[in-house]
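See the structures that follow.
Two complexes follow with chain A in common, the first pairing it with chain B and the second with chain C.
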Partner chain A sequence: MADCLKDKVGSVLLPGDIFSFESKEEKVICGPGLRRNGDEILVCKSGILRHKQPNMYWIDSQQKRYVPAKGESVIGIVTVKSGDVFKVDVGGSELASLSYLAFEGATKRNRPNVQVGDLVYAQFLIANKDMEPELVCMDSCGRANGMGVFGTGGLLFRVSLGLVRRLLAPQSELVKELDRAFPFEMVVGLNGRVWVKAQSTQHMLILASLLETCENMTAPQRQALFRKVAHSAP
Partner chain B sequence: MAGLELLSDQGYRVDGRKPSELRKVQARMGVFAQADGSAYIEQGNTKALAVVYGPHEVRGSRSRTLHDRAVINCQYSMATFSTAERKRRPHGDRKSSEMSLHLKQTFEAAVLTQLYPRSQIDIYVKILQSDGGNYSACVNAATLAVIDAGIPMRDYVCACSAGFVEDTPLADLCHAEESGGGTSLALALLPRGGQIALLQMDARLHQDHLDTLIEAAMTACKGLSDVLDSVVRQHLQEVSVLTRDLGVCFSASPCISVRKPPALYLL
Partner chain C sequence: MRETPLSNCERQFLLKAIEEKKRLDGRQTYDYRNIKITFGTDYGCCIVDLGKTRVLAQVSCELVAPKENRPTEGILFFNLELSPMASPAFELGRQSELLVKLNRLLERCLRNSKCIDTESLCVVSGEKVWQIRVDVHVLNHEGNIMDAASIAAIAALCHFRRPDVGIQGEEVTVYSTDERDPIPLSIYHMPICVSFSFFLQGTYLLVDPCEREERVMDGLLVIAMNKHREICSIQSSGGIMLLREQVLRCSKIASVKVSEITDLINRALENDKKVRTEGGKFGFAESIPKQRITVLKSDGALLEVTNLEQKAEGIASGAEPISDLGRASSPVVRAPGTAQVGESLENAWGLEQLEEEEEEEEPVDQTMDEGQEKEEESLYHKKGEVVVISDSEEEDVVILHPETKVKDSDQQTSSSQQQGTGVTKKKKKPVN
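After this line comes the complex of A and B, so read on.
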């Protein structure tokens, strides 16, 4: 069953579907959910096929459980402080390790101020099935770039992975609509965790319940809900 | 033979079905918001609910961790109101432990556990109404729940029971047929490759009839796999309708890592 990839953009695919190319010269970048198998492309995850010009394809799948992948930025909770390493819970199948030297300006004498229970925004350095996942709070140049400990005050809650990707999209309508309601500060981790902080506890709770419920709404329903909240927000 | 006639002269069974006819199957995925994957299935009057958590850290004893694959932990239980007489002991009795073990064997054959070493996948199944074919309903519900959780599997796992009455194999037995004292065989199949994940029979059967019985069960399983496939596709379609209108785009790197400043300072 070798169809053309272009025809199936926007349709639902299941793992096991196979595609081949029309012409040998076509170059295709396989995103998440697609794998190359010799001359064919195999679908590995169930979802919708998406396309971005000029030649990138990926599967948009919906899942609740996060599987660590290298380079992704996530929100973790520090659970154990043992020796030189912090153990951080990222919601995957194992605790990830975060070395105390992986912060900007950290040296053996100058340790970062991280306590058990703190929230950290970090990136995966190593994340594969054979090794324990490792996080770092700085980029390759040694700068923090927004990563590190955060979260005094504020509320952390969980949403599904699909909603998180929608929030992080470049021109996210969700964020623009939320923005119109009231001012807030938000940190979004690709492991399904979102942290918000607003002027009052009530606003934070409203934001949390809005994000948790708007996932399964169509765009008009969502806009109506946000407008109602914006009008009645104190 | 005294009692209920399992197959009438015209070839109809107790509930009016033909010998190779399956009961009506209705299923739904994603019924629980809290669990990673969940599914509900009704096969005739048998109703089963399956919930999947994982892959997550191995809880309880660390010694159960396997270094190269995931541990699958299954638990089978029946609701106290599921049978005609109120069930005194829903968990922990011998039948439940045996069923849990069978489910574990079935799913260890189907789930790609090598992708998640040192972790655990939990599958909990509960029978809400029992009218024969308990094991089959559990396996089918658990398959849908594992698919809903996004855990990779080799193929759908479809299960069906089969019986033998007067040289005719019956597919998908109901409670009256199972407890009538005749043969009853439960088969779990990976339909695409025709591989059997689990085969179980507790009664006595003449060797000559075994092949016909397994054939009947395999045909029934393949029919079930078509139904499960259509349920999965329909569920994906419904979910995708909601996310389709946004037209989400990703940045140029081939993996889903959008490098944005983490805290959006608004107003």
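After this line comes the complex of A and C, so read on.
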């Protein structure tokens, strides 16, 4: 049964395509864009089918609208402070809630200092289509692990979700090349928001512009562009 | 859907960048984004792209009874709509404050300026007149809807043709386009809105604010002007106090911008007319060059950070002789039925600051000539395909009032906060 999936790896699939199975021996893990319906697997996003050993399949698609998924780390903007929870905009269809106790070291006495309009880096604890998504700013051991409220400064901008995944891929060429250009700090949320901080306003603007332009470039084009920037930037 | 809130981080960054005379998209203080005008297959249909802001205007007409107090005048009707397609923040069928403001401005800009001869729209006095209706739809909102809408509306009105009518006794016949050629409206002048946003209580001024800039601005001044430098309407909102000099300065900038845009509209109209008479292909579909998936991808303005000192030298030395308006504002024609300006604008920010730093370390002498040559070359090159909307308006502004030239430039040095960087640099050079 996995054969029919395996055959299609690397090819473009459209929503509505169906893979059906006869034997129920093998296990297949469906990633984003694939959905199980009884004995069939339905494609629900258009994109390229990808495969990871031994049996993981998903659809690599291009989109701008973010759909929350459990466990993903995102950059949110705090919009409302209501009692025990903050309402956070993550770019999804609904505001996510973030409890003030979900920060490292936070207790009922010791509240985290979060203002309306602040940025938070958090991950989804609950994200499904029927419930309000819920964010937390710590991992299962209660450690911040890089999450929490952002400090001042820096620039936030939006890129497409595809580019974000490329930036976050381990051993990403893009990040390595950027690194060579000049030093900077970067936080990438899977919801398409990227926050950068560099030594000057201009560097941050250059970074934002580079990331926005390099999405549709081939590797040599991109390298040439980055080299140019690296040479000219002090 | 609600709109994405603006975070404190973005707000702080934008204000800081504006203080440092930088903009998110690499424009200079007085630069417009790329403007592209496309006409549809039908008469009176026009799409204007202002950067990523996109507005469609459609003109239609029908025969109605005139207003009782004006029996010999045709009726003009303007309607601007903000659909959720433009931005998730817009709701359908809700009269938001912004919508009312935009509609009012558009009406004041086009109807109250009497740019269209309404008397020529009369068919039978007191009984039948033409009602011209302009529907403006915002297709995408990336800031500065007003300017895009006014350009689209006036371009569509200029492009529109109404059917010819014949009167025999009591009988009024409307001829179809096959029987008699349709008639264009008689348009006296073309008022165009130019928006100025003010930041930090009016200390800083930007032309053509983008969406994020609009959200952090303190006040907005919209000037509607035609190319004869007649102000058709002027409106300040946001409740900031503007000095007399600021308003005058804005009106001077507006006159430059308006003449450029008018030129562009005329070029687009001519181009469209030419293509139509030749029987070539026209309309939106034809203006999209290739049938590929990547057709709609936009090549953002690439950063040009090479040869910093050479280029900057070139710009500085090239800046002095700029005195002809014509060169800067000649539009490009890419596809049938369109015209655009400022395509693939090169970013120039960052050049001056770095250049100054480097200059302090080592005096640049022999690179200067090279730089000049390079700049000249690139200018020639640009003439062919791409035109950059005038990069330093200071000079342009000065030309309009030659008698106040000296005074103007004095003012400019004193009020260095609002100045284009080009001039600052020029003034510095002899000192070094």
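Convention: the second predicted complex is superposed on the first by the 223 of 234 C-alpha atoms of A that agree within 3 Å, B and C clash if a C-alpha of one lies under 4 Å from a C-alpha of the other, contacts with A are read in each partner's own complex, and residues count from 1 in each chain.
Here, contacts are C-beta pairs under 8 Å (C-beta built on N, C-alpha and C of every residue); 3 or more make two chains touch, one makes a residue touch a chain.
What you see is a predicted model, and the numbers here were worked out from it, not measured in a lab.
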So, after the overlay on chain A, do chain B and chain C clash or fit? They clash
Looking at A:K228 after the superposition, I want to know if it touches chain B, chain C, both of them or none. Which is it: first, second, both, neither?
second
Now for A:C30: first (chain B), second (chain C), both, or neither, which partner does it touch?
first
- Looking at the overlay, does A:N216 come into contact with chain B only (first), chain C only (second), both, or neither? both
Touching partner for A:L155 - first (chain B), second (chain C), both, neither = second
So in the superposed three-chain picture, is A:C44 touching just chain B, just chain C, both, or none of them (first/second/both/neither)?
first
Query raised in the report: What is the contact status of A:P112 with respect to chain B (first) and chain C (second): first, second, both, or neither?
Result: neither
Mind working out whether A:S93 is in touch with chain B, chain C, both or neither, as first, second, both or neither?
both
The chain contacting more residues of chain A, comparing chain B with chain C, is B
Given the options 1-9, 73-81 or 109-117, the segment of chain B that clashes with chain C spans residues 73-81
Interface residues of chain A shared by chain B and chain C, listed 93, 150, 216
Within their complex, chain B touches chain A through residues 35-37, 54-57, 70, 114-120, 147, 149-150, 152, 192, 229, 232-233, 236-237, 239-246, 248-267
Residue set of chain A touching chain B in the complex reads 10, 12, 14-16, 29-32, 44-48, 50, 52, 56, 58, 60-65, 67, 69-73, 92-95, 121, 129-130, 145-147, 150, 162, 165-166, 168-171, 173, 175, 179, 183-188, 190, 215-219
Chain A residues touching chain C in their complex are 77, 79, 89, 91, 93, 115, 117-119, 150, 152-156, 195, 201-202, 204-206, 208-210, 212-213, 216, 225, 228-229, 231-234
Residue set of chain C touching chain A in the complex reads 1, 4-13, 16-17, 20, 22, 24-26, 294, 297, 299-303, 305-308, 347, 349-350, 353-354, 357
